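What follows is a pair of complexes built around chain A, which joins chain B in one and chain C in the other.
== the complex of A and B ==
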């Protein structure tokens, strides 16, 4: 019991990595610029010096090759953590992720598992334009055989990695770029965290805000603003996008009778559509208003600051949608 | 709005039984008003032509407020109606007009409406996209829920009885009355008529009480404004307990002047209407004395609380067979305990005793009560 420390999300991720490397010598980190450069988002800074080249490995600029290498290592008993710089680049490794990592256990009749953890940055908000800013985690959440988690808090940023490494099957961790510099109070002693359940981040009675990742902070800010008007919002952090913890958000809707999904990704064919469909299937008679979504505009994420801001959910937009839903 | 009983401050208007232009006779029931004692048919106390109906259903109207205008003889009802400005048109609360076609109802609101038995067609939507929400349904259900008549009646009884015990210095007298002769006479009478025309002992009691009051008029009337005002007739309030709890004591009018057969018919009608909450305004306001009979429930003696502003209450207990000394011999006879609660401001024990003696005398001459 040594109280709390104030750290940013990047530092929480680094502590998670360090802890995993310390606790299990089968664990190693591999990816573009993770070693000498300290990671393109500086998450792995200092780890090369501490753990050496065998465990902190810089790779060539070939996502398909190094993700494939990670899968091979996992098949052979290692516990690889593969960092892909952004989700946009992960598409080059999609064949490895989908056709190998997600399917080998099935194809082998359960003879082999692929205990790989793939971390990648997702989302907009840092003016990195249309090839570095998208939120494609919903695509991965489409694929059976993968587990998809989205740490939105400092505890989850620090703790989800180690829990993911205990899973015998592939886990993809999506770290939102806009959170990296966000500071927060966190228990100095790391506590284990689960990767199975959604979390109610704020209790409320009038409306359920269902969100994850980079949109959680905005949703909580919107809820605080709405509370000033007497509107009581419950905020659900999904945490795991596959499998989805339906029970938590359905229970919330049974209480509030209204659902607003906040997702930085596009609406069409997206995760928000899936959640919406599950609400219809499981909680239709609880609904006192249509399910509403605040999502990213269906455009490539723009570079210009004001356009980028306009293209993704913002607090004011969430507040306006919520007010519209609770008349 | 007439005062339909002590402590009535207002009534909720329910419906009209007459329309403008219609001739009405004094005493005709022209509308229904909901009071704490139930729905009451209000009788008009002026003959004429109804010119204008001012009260509308659902309105809460204080006692004394105008409910309708009546044109009396020689007046043109149309002129009177025209002279009064029409009530302001009901303006909406800014709500949009009801949409045509299918009414939008949220799934949860639809289910809630089913649970609460709310007709969705009557619900005003205010939810997202102009749909009926749970809140709208619950609001409609709350509006639909009738006022708690039970609680209202309890309040009314509490107010009247508290006032009685606070203000009226009661004195109590009791007499055992041999009703053997009266009941035997009644049994003989009933054996000779069809079942539908049989007379209950309760009706005979009422008749006896009313006739006995002729000897002691100071027990029949009201104490108001520091003075006694005699009743204009023997209007006996008959205490009727209601099935859901509570009681009312509406009047049977001029009981002393009615034949026993008419009285029985009137009593049956009054009981039926009292139990279904349909008493008339005059019946609520007119009783000049109350009679309560708890004999059916096995009670021997009733010590009643006077219903203000009345000044007396007569209680009759059950009839039981007891040894009774007549002409030096002990014979079995049916006996009742008759009690009188009376207002000492108006009468004294001597006069009260006179009443009970007269009541006894009448029970011994049942033929005179026919």
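== the complex of A and C ==
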């Protein structure tokens, strides 16, 4: 074993991309500013020089056309990775994602499949205001035919892409923008990761914190604080939002009998509501207290720092909600 | 008429197949055997019949929700199309798609798209893959003139041209986007001009004349296959029937429809072929009889078809279901 290395999340993503491009010549990357600029978040920096313009393709600002072109290329034998700069812009490609990528296999009676991977950043926390701060991965998780994954750790940031490319169906990868500069220890040798299961990131007995993506770090920090008070939290990283790995969080609740869902997205009609409903359906009699949620405030995310902070889950808010739940 | 007898018979046969097939569809729709939307191609037969023989089996074809004719001429069996419209599992898409979503991957016929302009970005991607793989295949995409108002048309045209991709844009201009006429929706009704603004070679042809369509398509296919980038071909045509079975046709006059019917592509071609001595009564009767047999067979096949078991409802949403649950690991 060559031990571990310390890298940031951005570098983990970049290594995953490079690995995928090296291992399969059907793989190519396309999107806005992925080439010469190096990626708007510098994730694909250096890849143009290494792999050339044919496989690292800068596109015009035409989300619908280049996402649709990825779908067509996938149908025609390639394994495209399409980078949409942020989830906010993916709305301009929603027709292609929803009406084509998600439907074609079933609608064609199983004749065709769309092995495309679409990556995008998501989330708030960088004072970019309402149009650049959406968390819409839960929306996408509403759609049958898509797989939705949310790498929250460095290992997942590096490894999920390759696994997603092996999947015969469309996979959307949501990378939380606030994680990009976060550093972490990671095995120097990349190991394969699955995109099927939730992971227990911290074992505990009193309360299950169920979360994903950018909220995982905050939930782990909250769990550490709560441990100082003698409260033992189990932290579940969902990893895949569709399909949802119910079994893992239900098993956790069977142990802790309390559930707190942390999701940066809005509550109403959101993923947190879906998780809550599944807990009601499958573990109602395990609960010692009502399911609780810490979610984004029901407001377009504002620019001013204090307002933005108030609009999305924070460690203190998670801690307070947890204390309230075990009171 | 500069074609041989075999080719003339081929065009007449294919146009007749579409016409009779569509007439039958309308009848069985009225009888309640087909439901949902049904968009008929009657009047526009020369477009699909003129273009399709110019493509190779390896090329990809993408079409709209008015695609029965394209599917038939591409070589999809009438039975599998009819059974699909009957909602039977013997249909090409097991009854999942219906009239608007005919697929046959063995024919490289990739639908059947019911979002106007929705197939255009995918066609660009087919062309991109062909280009990256250094094949001589091309992607042929049929769409109506209504699609030209969509952003997806403009984004796709630009991208195909920017990357010089082998995409053949086939714009079936039947003058009405459902009920909205071209002059009521486009500030500039010259569609070729829009394509040319993206530096795409463009041409317009009388879509009621199968020979003119074939000749124009030949030029276009040659251009695209030779690696010169995309080509935009406008096919000026007209649908004789309503937009769909629900359309009361309040937006156009009977006189206008009648005047176009005088230009029926099948009648016009038949007259010319007769005059040229390529086709006579015997051949026409043989084609009609053969077509009637084919359609009767398709109907019988669809009637005898079976329903997909409801237990299969959620099959084919994904290639694989998630592996059996395990408890989460750290």
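One rule holds in what follows: the second predicted complex is superposed on the first by the 327 of 327 C-alpha atoms of A that agree within 3 Å, B and C clash if a C-alpha of one lies under 4 Å from a C-alpha of the other, contacts with A are read in each partner's own complex, and residues count from 1 in each chain.
In the analysis below, a contact is a pair of C-beta atoms (placed from the backbone, for glycine too) under 8 Å apart; a residue touches a chain by one contact, two chains touch by 3 or more.
Only a predicted model underlies this, so the values are computations on that prediction, with no experimental measurement involved.
Asker: Clash or fit: chain B and chain C on chain A?
Answerer: fit
Asker: Is A:324 contacted by the first partner chain B, the second partner chain C, both or neither?
Answerer: Touch partner of A:324: chain B, not chain C.
Asker: With both complexes overlaid on chain A, does A:262 touch chain B (first), chain C (second), both or neither?
Answerer: neither
Asker: Should A:107 be classified as contacting the first partner (chain B), the second (chain C), both, or neither?
Answerer: The answer is second: A:107 touches chain C but not chain B.
Asker: So after the superposition, what angle do chain B and chain C open up at chain A's Cα centre, nearest 10 degrees?
Answerer: About 130 degrees between chain B and chain C, seen from chain A.
Asker: Just to be sure I read the superposition right, which of the two partners does A:226 touch: chain B = first, chain C = second, or both, or neither?
Answerer: Once the two structures are laid over each other on A, A:226 reaches no partner at all.
Asker: Who does A:289 touch here: chain B (first), chain C (second), both, or neither?
Answerer: So A:289 only meets chain B here.
Asker: Tell me which of chain B and chain C touches more residues of chain A.
Answerer: Of chain B and chain C, the partner in contact with more residues of chain A is C.
Asker: Could you tell me how near the closest CA atoms of chain B and chain C get once both structures are overlaid on the shared chain, in Å?
Answerer: Closest C-alpha pair between chain B and chain C: 22 Å.
Asker: Quick one: in the complex, what on chain A touches chain B?
Answerer: Spelled out, the residues of chain A in touch with chain B are 257, 284-290, 324-327.
Asker: Residue numbers of chain A touching chain C in their complex, please.
Answerer: Residues 28, 54, 59-60, 62, 64-78, 80, 95-96, 99-100, 104-113, 144-145, 147, 167-169, 196-201, 203, 236, 243, 245-248, 251-252 of chain A touch chain C in their complex.
Asker: Taking the complex as given, what residues does chain C use to touch chain A?
Answerer: For this pair, the touching residues of chain C are 60, 91-97, 101, 103-105, 110-111, 113, 115, 118, 120-130, 132-133, 139, 151-152, 155-156, 158-159, 162, 315-320, 322-323, 325-330.
Asker: List the residues on chain B that touch chain A in their complex, please.
Answerer: Against chain A, the touching part of chain B is residues 106-111, 126-129, 131, 133-135.
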